[in-house]
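A, B and C are the chain letters, set down in written order, and residue numbers restart from 1 in every chain.
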Amino acid sequence: MNIDLFFQYVVAGITYGTVYAIVAIGFNIIYNATGIINFAQGEFVMLGGMTAVTFHSFLPLPLAIIVAVMVVTIIGALIEVLFIRWLHKPSVLRMIIITIGISILIRETALHIWGEGVQALPYFTGTSVSALNLGGVFVSPQVIWVVGIGAIVVVLLNVFFNYTILGRQLRACSANRDAARLCGINAKNVVTFSFMLSAAIGALGGSIVSPITYVQYDSGTPLAIKGFTVAILGGLGNSTAAVGAGMILGVLESFSIAVLPAAYKDVIAIVILLCILFIRPSGIFGSTEAARLKEF
Amino acid sequence: MKARYLQVLAFVALVSAIQLLTRVTDSAYHLTQLTMTAYYSVLIIGLCMLVGYAGQISLGHAGFFCIGGYIAAFLTTHDLSMHKGKPLVALLSKTGILASRPDLYGGNLLTFHSWAACVVAMLTALVIAWVIGGPVLKLKGHYLAMATLGFGTIVYRIALGTTLLGAADGISDVPPFWVLPGIEISGNASVRVMNYYIAWGLVTAGVVLLLNLIHSRAGRGLAAIHGAEDAAEAMGIPTARYKLNTFVLSAVFAALAGVLLTHYNGGIGPSEASVMKSVRYLAIVAIGGMANLWGSLFMSLVLNYLSLRGYFGTYDDAVFGCILILIMLFAPEGLIRRSILKDLKRFVSGGVAEETGP
Amino acid sequence: MSLLSVQDLSKRFGGLQAVDNVSFVVPQGAIKALIGPNGAGKTTLFNLISGVLRPDSGSISFNGGTVQGLMPHEIAAKGIARTFQHIRLFPKMTVLENIMVGRHLHSRAGFISGMLNLPFTRREQKEVAAKSRAVMEFLGIAALADAEATSLAYGQQRVVELGRALASEPKLLLLDEPAAGLNMRETVEMSALIGRIRDLGITVFLVEHDMSLVMNISEEILVLSYGQKIADDKPLAIQKNSEVIKVYLGEDNAAN
């Protein structure tokens, strides 16, 4: 393999890795606030891409993306309010099945609205063939957008969780919901907010990556599995580690084409997932306490 | 006579009544979907043991169905006649493991006999379930769900991506399954009624076996594990081994269902391993009442039949998704249970239901 | 002859030394109690003996063989049965079925024979049911056989859990706070019951807070505090032991 091909693989890996990391961060936010693993997380990403494309047909691109993110955020809130909020100490199995059911509903609705075809936003700058020359490696400008926006999101989230009141409330709820409630924090709203935040981040990710990866009605599930793999790899609940873990998965997957038939590329993530679950469920950076699942 | 055997008799009567009804109304074509429903039901009752009685989640049982179906399909369609000279092939032929049959073009196909293929398929499923079951069942909750989901997806991807297995088109031209001289499992219209009874006979046999299991020492052990695992362990029940046994049992049921349905349909495709199928099976067990064998069976009969007849149209997957959500939101113990009226009253009056799930 | 012998047993959880180099024996045929203030490590010690937890160091030998490090179901097979501090009956099963689970170690039918409902399986089921009823007779709860176990009154549930443990014909019975949640009359009945169990030849080792029950029926008392053994003696001696008094009632009372 020559050096150019090597870097192409790396760039592809980083691009997809960023998407996976975004999905993983979405998992972590909801998990941290509620102890729920939201199987429908991948659908937020898919919806973000699809709605952005629809809005773009009559809105300028930046506005289309913003509106799409807002719409999906509202959907996230609706999901929480309609399906999750009023459950009283549900069992794990119940929560899993409910979120799977939600993901199916979203996917089938998407199928009936948009059909089976793939959609994509146009490249933000340049076209599908434009390339920037970064020290000998040719990179599509969209990749810069993806990684750049991804990085900004991670930084903003860090600021949010550490320096804002609402962010601290979320962290309090995740540490100990009853204590947080005693301090006057409205736990129910915090849960709703966590869904909204996850949905927003997922939708943003879906929009910015769609020019490269395309979206279709069933893009959500494989993303959910890979996002979950990344979340576990970095340690469930640890969003900073999720970024690194995302890169690892993205690059591994990317290079797998060199050794395996392309059809098996999606299997890589699952094999990694199974390995982690069997060997070290707390992930690379997690603790065994984090691996013990929280109560909702 | 034990109550549960009376229930079995009632079930057999119901099955026969349905067939007679189709005869009287001259609508025997219904029997085809009903027969397919029967084979899916074999998988469902096995899954019910695992999810309802042993309390383990599986989102990957379609994977075992496919392992059974694809192995049977492959072995009974892959022509070995070019290897006729080799000693191993000659030996297998002589013992009857390989059988010859004419193909469409006047030549001869040398493939595995359907019985031999079935045995290989079920043994493979058993071994795979045994090997992955150990580590997988140590996981709990979401991790277990994800691991089984992952397993099912791996099977799906392998089926979809391997040219030898037909890739996206799957395997077709699968011959009938030979049961006894003159009796075979096939979708041929001329043997429709016989196949109907063979299929539902198999379901009945499965139900009898599982009912026996539920009321036996092992069944009590499973219920104990599901109810209070630490106490069960303290009473000397080897919980890990029991969970594994149930997992393997349910995998074998699923594989058998896959083998026979593949012969009945004459083929199999990768969609049978999809996540949606696994979810569907879980939905049926959930709505039937989790630890309710008859409930799952009844729901399987109704829902699988309606789905196969196309009543749900393009909303097929959506329907099962809705069922899952509605059941889990409002009736996590399933619909068919003794306390249903009491629960309805409580729900209407705004009370909070007891949570006794896994 | 000591039935159970614990040597230098230790268990730590993160920063907390829950059990600290504890050694003691439980003589065969005796009723021995384990007492100590909350957080002393009593349930941890029980969990170490019954196999729920693995010790960091030390050894446990039972009836001549080592048992530390074995799985709970293997330890149960050696003849140790237990009850739980927070009642752990099997929900959705009747009292009879709960107790029949206790007979698990004395029956053989597995998955295959269960499914095929072979004649030996059916015979075995009848025996198991009969033995379970005998246990219920002994405990005076035969009338409750078909009631759903978790629907019973608290005191009755405790007796059922006891029956389940007895059905396994243990040599050593570990009782984790058998009188917790019982009123005075029920506690007296429980006392008598434990005495009758000992008369069957079963050795009893119990954790308990109710001092009247402890002083009444125990032949030996082991006292733990902050994971360490501070006394192991006969009841009368324990009552006068200044260390014990200090631990329960504070420094000033010990001086008196």
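Here is the rule we go by: a residue touches a chain if its C-beta (ideal position, glycine included) is under 8 Å from a C-beta of that chain, and two chains touch if they have at least 3 such contacts.
No experiment lies behind these values; they were computed from the predicted model shown.
Of all chains present, the one whose mean CA position sits nearest the global mean of protein CA atoms is B.
With centres defined by CA atoms alone, the chain at the far end from subunit A is C. With each centre defined as the average position of its C-alpha atoms, the distance from subunit A to subunit C rounds to 49 Å. The distance from the centre of subunit B to the centre of subunit C, each centre being the mean of the chain's C-alpha atoms, comes to 43 Å. Once the centre of each chain is set as its mean CA position, subunit A and subunit B turn out to be 34 Å apart. Shown for subunit A are the residues in touch with two or more other chains, of which there are none. The set of subunit B residues that touch two or more partner chains is empty. Looking at subunit C, no residue sits in touch with two or more other chains. Per the touch definition, subunit A reaches subunit B in the complex via residues 37, 83, 87-94, 96-98, 100-105, 107-109, 111-112, 221, 225, 228, 261, 263-264, 266-267, 270-271, 273-274, 277-278, 281, 293. Across the complex, subunit B is touched by residues 50, 52, 71-73, 76-77, 81-82, 84, 88-93, 97, 100-102, 104-105, 107-111, 113-117, 121, 124-125, 128, 164, 168 of subunit C.
Touching subunit C in their complex are the following residues of subunit B: 209-210, 212-213, 216-221, 223-224, 227-228, 230-239, 245, 249, 291, 356. By the touch rule above, subunit B contacts subunit A in their complex via residues 57, 59, 135-136, 138-143, 145-147, 149-151, 153-154, 157-158, 160-162, 167, 275-276, 279, 282-283, 286, 314-315, 317-318, 320-325, 328-329, 332, 352-353, 355, 357-358.
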